[in-house]
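Look for chain A in each of the two complexes below; its partner is chain B in the first and chain C in the second.
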Partner chain A sequence: MNVLELDDVRLDLPSKRGDRALLRGVSLSLAPGEALGLVGESGSGKSMTLRTVLRTEPPGARVTGRVLLDGADVRGLDAAALRRVRANDVTMISQNPRAALNPVLRVSQFLVEGLCDARGESRDAATRRARDLLARVGIADVDRCMGSYPHQLSGGMLQRVVIAAAVASSPRLLLADEPTTALDVTTQSEVMAILDGQRREHGMAMLFVTHDLELASAVCDRIAVLYAGEIVEIATPAQLHAAPRHPYTRLLLDSRPSITARASELPVIPGRPIAAYEVEGGCAFAARCPWAAPRCERDEPALVHHAGRATRCLRSDELADELAGETPGETSGETSGETTGEPVRDRETEATT
Partner chain B sequence: MLRFVIRRLGALAATLLISSFLIFAAMYAAPGTPESFLVQGRTVSPEVLASIRAQYGLDDPFLLRYWNWLSGVLTGDLGESLTTRQDVASLLLSRIPTTLWLTLYAAVIIVVFGVLAGAIAGLRGGAFDTAVLLGSSVGFAIPTFFAAVLLMSMFSVTLGWFPVFGAGAGFADRMAHLTLPAVALALPAAAVVARITRTAVVEERGAEHVSVALARGVPWRVVARRHIVRNAMLPVTTIVGVNIAALVAGAAVVEHAFTLDGIGAMLINSVQQKDFAVVQAIALVLVAVFGVVNLVIDVLYAVIDPRVQFGGESA
Partner chain C sequence: MSTTGGNVIEISGLRKEFAVGRGRRRRTVRALDDVSLSVADGSCLAVVGESGSGKTTLARVLVGLERADAGDVVLAGRPVAQRPRRAERRSRARDIQMVFQDPNGSLNRRRTVEAAIREVLAAHHRVTGADARRRVDELLDQVGLRPAHARALPGELSGGQQQRVAIARALAAEPRVLVLDEAVAALDVSVQAQVLNLLAEIRRARRLTYLFITHDLSVVRQVSEEVVVMRQGRIVERGSTSEVLDHPRHPYTVLLRDSAPRPGWRPRLSNGSDLAEVET
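Entry: the complex of A and B
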């Protein structure tokens, strides 16, 4: 059974100008231990998708569709059961570790409260395990870290603390929302290696949100590409790089930045990304799609599953060869997957030995 | 920490010195002379007048008079009352307990009702929140003297629950006597504190670390206590401190209205009678109390907020 299954999840948020759709029917699934990357431009609804799983969406939001955790719908849980799921089964790592920790509490209090207050473990046992976890995420001076306040630690250290807290309960599912975006480049790969190592060690499934297709390719088993609140393509990194089936994926691959200078946002694709609530029928990507045909403005493409992958494009079959073809100056998917994959894996061995 | 306190005490001493000079100079510049009050409109011979002036050192140069007064103050000699000829220091000491109890009582009311009401309003929202918002607007708008008269006529005269005048003797009797004055005194400050506590709690409730704690499965009441209310207390502490320090000054109106024999009422009488020695002493005491309360608040703040570093350098 899948750890997580989103089935046609829609999210509407009331605003002054009527309801706004932020998610327009997201469907995806994660097998136990699998890592699924969720990639898309800023504002495409990546964070909102994660929030429907832990039910932390903005107040007033209306969510429809099913969010199945080990087959049980989390949307229907009562408060006590939801709290148990949050404490035991699903944890989340957010983009900015500095905002995630209470500035006036020590790291030890942050770690212990997740085990003690949330899970009912004894304070002593919780403290012992917190120290152990800090050592495992590569923190050298555990005593000092435990006694520190957040403002005394660097962003990289804090994100390690947050990772330690996230794996503490050995959850079935880890939701990581751009966990390295707020960090500098060298710290990014270190933190990524630790996260990946911990995930494998604890056998957790991971839903990994990023705007960085290369990073997702390096750490994930499959990648889902999100555009304007819906998934336009799901495939393995190798499939995506070798033969993208959706025009948006193709443009993402073409415009990826060089590995040395990883941009903070997805590089330029001509045209403005549209928000989910701006879609007016037809294909959401039609306004920016170089391959758009007249019917693309009229007919809404469905997510079509075929040969282990899924695509939402009316013309994906006829465009298959064109989308898979090389463009000048383009490196092939496999090599680029390796170049980002290599340093990550290297450090992982360092961190776990 | 110790160095911080010592530095602040030094600053407080400097403040007191400057205030003492200003207070003394203000008395000097005030219209009417002490001797004209002392002779009380009787016609006296120039010789008598001269001897009075000599007795009180009124002919000495300004700075010498200031120095004489200051050195007296530093050795605990606050001089003599011009009206009653009593020692000002012992006069003050006999009046301080009433004011102390009154302001402490009011401070407790501010903390318990102001902070509690504000925190519950911020956490719960709904009807209680609306009631607190409304109540705080009313409480803040009513002038203290009017509140005093209103409370007296309602609870003392009409209902007869509380005594009308005096400070009472013994703890219970004193509390009974001081309840209405303390409520009148605390009302505006409690309103402000409730309002600010509510705002701080609402703001803190929206902080990311709060939703993170909830998303980790930490129970709501733990999050409310440890993350929301605790963090909201940081700005509230300062506001509570300033309001409590200001109570000492506000006590004058309330003591006057309820005819309590505290130093506030004494200040008003002394001003009316141009009893300069007493007015100077009380003014100095007020400045000192204000300074000490603020110092205590600053130390307290640094203790509850780890990001504040004693001595100014922050990490």
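Entry: the complex of A and C
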């Protein structure tokens, strides 16, 4: 049975101008021990998808669809049951480790308190375990770390403490929301290595939210690309890089500058990412898609599953070869041909309206 | 302007210390430790480093937001006074402008885009009235915005559009040098590519000189000809961008390069010896 299954999850948030859709039907599944990356730009709904799992969505949000943890719908749990799930089965790591720690408690108090309260361990046993956990996340000076307050530790060190606390209960599922975005690149590499190692050691499944496709590719078994509140493509990292099936994935891969080669001009996706509530029928990406046909603006594509992959594009079959083009240069020739000179000028949606 | 073909920025022996902590924990941190560099007219120098490297302090000293403890800054052939008078500060602002990571930090959320740009035009070039109106439209066009955006408040614009306004505002002073401090770091990937292209186009068209501060080596490759790598207030490596990225010599540059996610990359723990070497 899957650890996690999302079935047509929709989320609407009331606002002054009426209800706004943030998720427009997200479906995904996560096998035990599997790592799934949720990749997208701001407003794509990646964090919101994650938050529906532990019911930490913003107050007032209306969620429909099913969120199944080991087959049981979390949306229907009462407060006590939800607390048990959060203590034992699912933990979350957020972007800002400082928000997860109490600033007036030392690290030792934070870790030991968690172990005693949630696991019912004795103080001595909990202290021993806490020290062991810190050593396992690569903290050299465990004594100093245990005796420190959060403000005395660096962001990378704090994120390790948070990871130690998150794996303490050996949860079945780890929710990670941009856990390294606020860290330096060298620290990011270390923290990701630790997170990856701990995940494998404890056999945890992971839902990993990030805007960084390369980072997700390095630590995930499969990747779901989100756009405007829905999944547009699911595939393994190797499949995505070798032959993306959705135009958005292709352009996302191309528009990131490369560390090894300089492009005379970066291929751009015209316009800006739109939010789910801005979609007006048809394919959400059609307005920015260089391959869009008239029917793309009319007909709404469904997420089509085929041979372990899934794609939401009306033209994915006809475009397969073109999208799989090996060199970004070739694609850039075609896509930026019409954008050179007038890169974005006329396409950016009028924000003042 | 006697610097055509020469260096627009010459920095030598720059030193800056900050006192941090209180009581027994009080100590000084050397944010800049004997930093020297020069930037040729019309080129782009990337300054790479992580938090605490001193790269932002360097930029702040350069534009005059911070005073160095020692060292000299020569901007467009003129030595920059450590305690400048008002007129000197203003003339420096016409030479050098800065764009920050968060455009909201440089835009007043209650003033329209037009008002923000007009303020700079009036302060530096006494352009007002219909002339200013025309300049605003020109500047917006250069950064890829429409005339209608002039009436917008910052809050009504997307992050990418806000950053374009911040760039337009910096260009309004008609500077020779633009200091970009992580100016594309907060943008979405697709919007980042647009702004990087825009910055390259503006540099060519206006023959500007860039000091591009970033932590992102892919961005360094894309925008710069030369690069300096900073760590704990010191420049640990410098050279042409392709040389430094393809054949890094300093272990810290190697570590930085190996830490950047890319196809085939795996996160890894830097082992003890690696770090010890880098610490020295």
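Heads up, the rule we're going with is that the second predicted complex is superposed on the first by the 315 of 353 C-alpha atoms of A that agree within 3 Å, B and C clash if a C-alpha of one lies under 4 Å from a C-alpha of the other, contacts with A are read in each partner's own complex, and residues count from 1 in each chain.
Criterion: contacts are C-beta pairs under 8 Å (C-beta built on N, C-alpha and C of every residue); 3 or more make two chains touch, one makes a residue touch a chain.
Please read these numbers as outputs of a predicted model, since none were measured by experiment.
By the touch criterion stated above, A:Arg272 is placed in contact with chain C alone, chain B being left untouched. In the superposed model, A:Leu101 makes contact with chain B only, not with chain C. Applying the stated contact rule after C-alpha superposition, one finds that A:Ala165 touches chain B and leaves chain C untouched. In the superposed model, A:Pro247 lies in contact with neither chain B nor chain C. When the two structures are aligned on the shared chain, A:Pro301 is found in touch with neither chain B nor chain C.
For chain A, the partner touching the most residues, choosing from chain B and chain C, is C. Residues of chain A that lie in the contact sets of both chain B and chain C are absent, per the superposition on chain A. Chain A makes touch with chain B in their complex at residues 54, 56, 83-88, 91-92, 94, 96, 99-106, 113-114, 117-119, 149, 151-152, 165. On chain C, the positions that touch chain A within their shared complex are 50-51, 141, 144-146, 148-149, 151-152, 156-161, 188-194, 196-198, 200-201, 215-219, 221-222, 245, 255-263, 265-270. Interface of chain B with chain A (complex): residues 207-209, 211-219, 222, 226-227, 230-231, 234, 304-307, 315. Taken together, the chain A residues at the contact with chain C in this complex read 41-42, 138, 184-194, 196, 211-215, 217-219, 241, 251-252, 255-263, 265-269, 272-273, 343-346, 348, 350-352.
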